[in-house]
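Chain lettering (A, B, C and D) follows the sequence in which the chains are written, and residue indices restart at 1 in each chain.
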Amino acid sequence: MVRVAVIGGTGYTALEVMRLLQRHPQAEVTVVTSRSETGPVASVHPSLTSLVDVSFTSPTTDEIAENADVAFCCLPHKASMDSIPSLLSAGLKVVDLSADYRLNDPAVYEKWYGHVHTDPTRLGNTVYGLPELNGDRIKGRDLIANPGCYTSTSILALAPFVSRGIVNCESIIIDAKSGVSGAGRTPKVATLYAECNESMSAYAIGSHRHTPEIEQVLSDVSGRKVEVIFTPHLAPMDRGIFATIYADLTKKVTEAAAMEILRKFYAGKPFVRVVSHLPKTKDVAYTNFCDITVRIVRGRLIVLAVLDNMIKGAAGVAIQNFNLMCGFNETTALL
Amino acid sequence: MVRVAVIGGTGYTALEVMRLLQRHPQAEVTVVTSRSETGPVASVHPSLTSLVDVSFTSPTTDEIAENADVAFCCLPHKASMDSIPSLLSAGLKVVDLSADYRLNDPAVYEKWYGHVHTDPTRLGNTVYGLPELNGDRIKGRDLIANPGCYTSTSILALAPFVSRGIVNCESIIIDAKSGVSGAGRTPKVATLYAECNESMSAYAIGSHRHTPEIEQVLSDVSGRKVEVIFTPHLAPMDRGIFATIYADLTKKVTEAAAMEILRKFYAGKPFVRVVSHLPKTKDVAYTNFCDITVRIVRGRLIVLAVLDNMIKGAAGVAIQNFNLMCGFNETTALL
Amino acid sequence: MVRVAVIGGTGYTALEVMRLLQRHPQAEVTVVTSRSETGPVASVHPSLTSLVDVSFTSPTTDEIAENADVAFCCLPHKASMDSIPSLLSAGLKVVDLSADYRLNDPAVYEKWYGHVHTDPTRLGNTVYGLPELNGDRIKGRDLIANPGCYTSTSILALAPFVSRGIVNCESIIIDAKSGVSGAGRTPKVATLYAECNESMSAYAIGSHRHTPEIEQVLSDVSGRKVEVIFTPHLAPMDRGIFATIYADLTKKVTEAAAMEILRKFYAGKPFVRVVSHLPKTKDVAYTNFCDITVRIVRGRLIVLAVLDNMIKGAAGVAIQNFNLMCGFNETTALL
Amino acid sequence: MVRVAVIGGTGYTALEVMRLLQRHPQAEVTVVTSRSETGPVASVHPSLTSLVDVSFTSPTTDEIAENADVAFCCLPHKASMDSIPSLLSAGLKVVDLSADYRLNDPAVYEKWYGHVHTDPTRLGNTVYGLPELNGDRIKGRDLIANPGCYTSTSILALAPFVSRGIVNCESIIIDAKSGVSGAGRTPKVATLYAECNESMSAYAIGSHRHTPEIEQVLSDVSGRKVEVIFTPHLAPMDRGIFATIYADLTKKVTEAAAMEILRKFYAGKPFVRVVSHLPKTKDVAYTNFCDITVRIVRGRLIVLAVLDNMIKGAAGVAIQNFNLMCGFNETTALL
């Protein structure tokens, strides 16, 4: 039984990690940390009543290492890189759900996050935790950078095509619609029910921090510099990301051929479902699936992808990475 | 043209007061106060762009009195009674949307609100602003206590029956369901979209502050002490209150007779619609209507009433009171 | 491996049964019937893509019996009792998710459903499938009447108290709020998104068919005739039932004592969580839990209970019954 | 007082036309037709109780002409062109809310709607009722083709830029998100609450019938052939369209210059608000406003526009057209 510590246990991703892990036959949550809370985990997350019998604590790294083998780090960026080096030194394996170890270049990190990276030597050496691309490299690793929710959706939709060199790498437009849970559990006017309900809005146009992440991975996959226009929207729903992606083709491709490219790319990948119908976020709600399809309209490629931002976009893929790191079946606790 | 000051202009009720007033041919918003904001009102309330061309200011009472004739006080309770005496002294008429002047007895106020009332002589002399009950007394007054949203729904549903003496005054159960906008614009975890969506919950069971207000008015109407069980619920919707009210009858009444009691009581009242079908909150969304019907089940009375908590439950009835205070047609700006 | 037939596979409860069963290590869906559909199950239920690889068929009873050991009957009432006798004769065990075998008395059935019961001898001999009350009697049975969603919520909330004889059996009021999925997948104006969104409504006041079911089981539990006022509401959410239940006490009971009654009654029951906080439907979304708490207000009992109408209210409890019928662990596939 | 007939009064656009008209001091609804309903209008549309006191009838054209001066035709396409010629012959002015008179070319109509146009001589002579473009031509006309909801949003966003010749007319991508009310009141599985809630989806990619309408008007405005990629999405909300529009620029334009182009184009237009912030559909809910802003990202133009699909996208603009046709103030009943 692998003992798991959840670092920063009050937010929504931590909740989902714990909810999924209680189904895992080879894992057990033993430590849940918080700087603000001290009672039972279920006092903050009532849905975990009778499922997670741990209380929030504020332990030292050594105390964590005594009681856990693997840490899911659910801290905000910056706080995450302040904690992770010592967790690794103490012998823990770490899945980092923050953005701190996703980018390879400290200068890019500083530009988009507004502060210096304090653990730069690990950048570039940390595996980006998208198992459909990097599965083999994740096995046995000590630190995995769990991808962003918009990022996973965008990359899973585009990788099959950019890796083939059939899309113009400067033409990509990602119009993404997310549920509100992605904005987290910290109270803000903008995420109040009365603000979001019956409202669709766009935000962070041209400036969302998932942009360099998408570009880095797609550039790696394609071998060319990829620049995207990424427009995130807030949709009046709890969960789900819907990405509608437009790209110019470098050569004529039929819809059937485009579908075949998707099918081949994801053959044997249990959590990507290439579908011929138009997917809906509800089809993947509360699952670790990403459903993808493709259309050709007036000679241009339109890829449509959906996932649950809390599961395949955060906690689910974290468990998938955990399974690979620990040598478990990739799908354990996720079907 | 009556010049209107909105005191405390950043919240949802203030927004609705301004939205409705811009349709009013005899009123003009000239002052909107805020302690936290300084820019144009539309910078906080973008829906008012091009409709309200005033900026937030933090004026003295004298400055308000120079520029306005009537004040809609949208402050929280306590802050309201700190401001209203001087507004009245400066010659303004005031519609108070807080709870500070609704209760007649300072001791009851202190018990439910947890602090001493600092303007106790006005309690008992202030007219409770429910025009369907107190219309004649509202005309020409200087200070009106605008009722609570749950209160209006409950009283409008019950007054016809308790005034007739046909319900057991100790048997009343009010099971009320409210949209989330009633909880206001201050960010809290409990009113985040991701918490409220797909969730029904109850709160403040046996302790909600609208309880003494309902009991006071119904006791006045019936001439007997009325005690209610009031259970508020939060429903996953923006606007609307649905009250399902149960009471024992003191004598046998048919459904037809009960309907007739409602119809007679509200004859000539433009904003209460007695309907034979079961009403829905959506039927009254964005209107100043309260729709009511009644059923008899196994000898007991079930009254169902709906209104828009932001309009008939707050800003709309405030305009209705304003119309009566100023001698305008009761329905101006409200149909 | 138990082979399962889903009879009537196009609706929402069938979808949930199949979704849950694919997690069951000892069960396999082999037959899914439909009179209207013929393609893959996933063509109607895209969320089951890659999870359920069966196509809709329209087999004879014998063909079903050749390919399956247990049938989950997801037909509407009437259609259900037309099919079940032959399924039983052919040797299948049956969990009936319709209302056809829930009531003991054919006359009561005829009164509430408007047609004669065509298999009356089984009424009264069929076990009502509420495992928390009837767990021992469910084991090994061939036919289980799976309870209604409102019914389960109401009975689980009230059984601990009526069985103790501490509530007045004629005073019970059940004010229940349900998500819209409970209304099924047949298109009707009343359940369109544009009708239900931002709308709370009541329906079937005094005439909902779950009323006699609640009364029958509570009368059995209490040994006295129980009559309830049951008011169902439609809430703008997909899933969840919230029941707020009011009853007069026959003797003075403290809140602590009432909580203790709940805790004792449900000790060792894995799917009822007695909680001290006020529960929300979201706490139990996508789970087989029913969360219950109790309050005493002005001497009266208020019990609050929530469950997911699709899981603990339908498909989840059906699996729980299936587990008991087949001798599996009660919680298999449900945690 | 202008007497108004609503032809086809059971749907949502008819409801909104009637709701808005009851605020109009110079108009009165005298006839509401239906082939299926016969009772009071409020029996189908309970929100109109006490506001619209007319019953559904099924009159001849002559009977309509005796009792009304102007007809709002809310029939589906095809049914609309079957009725309108005789309404015009009988001397009525007509605002047609269907698609039947929007396209200029009968061949294009036949291609997209799948049947021959039976009144082709009026195509090309009917004014397209977008008052911000065609206001002067609408005045005094007898027949106006009221635009589609997606169409208005898209054209209002793009016209200022294509008319200047600064966008590449083959590069335009319109990613539009609509509330579900746009799908109408006819029951379908796809628009059930339980299907749409918590779900974002795309539909009719490359084949939506508003495509030729957008292209026709933008081609007229620009003097060049415009071809767009138009991707409609269904968002889990009742009302509102959010259009995110991408286009390549033919020359370098700053964001400030792009904003200035918008401001100049809509100077003096009361229902288009050019805003500097990112608009939300909620900002325009229940109003006749279209809020628009623009961004330049990586050299490309992104225009964002929102409106209420039921008001500015259908019934509101119909009243705006009616006002212009009849010589009333353009904003009457709409602010």
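Worth pointing out:
In this section, a residue touches a chain if its C-beta (ideal position, glycine included) is under 8 Å from a C-beta of that chain, and two chains touch if they have at least 3 such contacts.
What you are looking at is a predicted structure, and each value in this text was computed from that prediction instead of being measured.
Chain pairs A-D and A-C differ in how many C-beta pairs are in contact, and the one with more is A-D.
Centroid distances from subunit A, each centroid being the mean of CA atoms, peak for B.
By residue number, over half of the contacts seen at C-D repeat in one listed pair from A-B, B-D or B-C, namely A-B.
Taking the mean of the C-alpha atoms as each chain's centre, subunit A and subunit C sit 36 Å apart.
Here the CA centre of subunit A is 45 Å from the CA centre of subunit B. A separation of 40 Å divides the Cα centre of subunit A from that of subunit D. The set of subunit A residues touching two or more other chains comprises 179, 195, 197-198, 236-238, 279-280, 282, 285.
By the touch rule above, subunit B contacts subunit A in their complex via residues 12, 179-181, 183, 185, 187-189, 191-198, 236-238. Against subunit D, in their complex, subunit B makes its touches with residues 22-23, 43, 46-47, 49-51, 197-198, 270, 273, 275, 277, 279-280, 282-287, 289, 291, 335. Remark: subunit B residues 173, 175, 177, 179, 195, 197-203, 205-206, 227, 229, 231, 233, 235-240, 242, 244, 246, 278-282, 285, 295, 297-298, 300, 302, 304, 306 touch subunit C in the complex.
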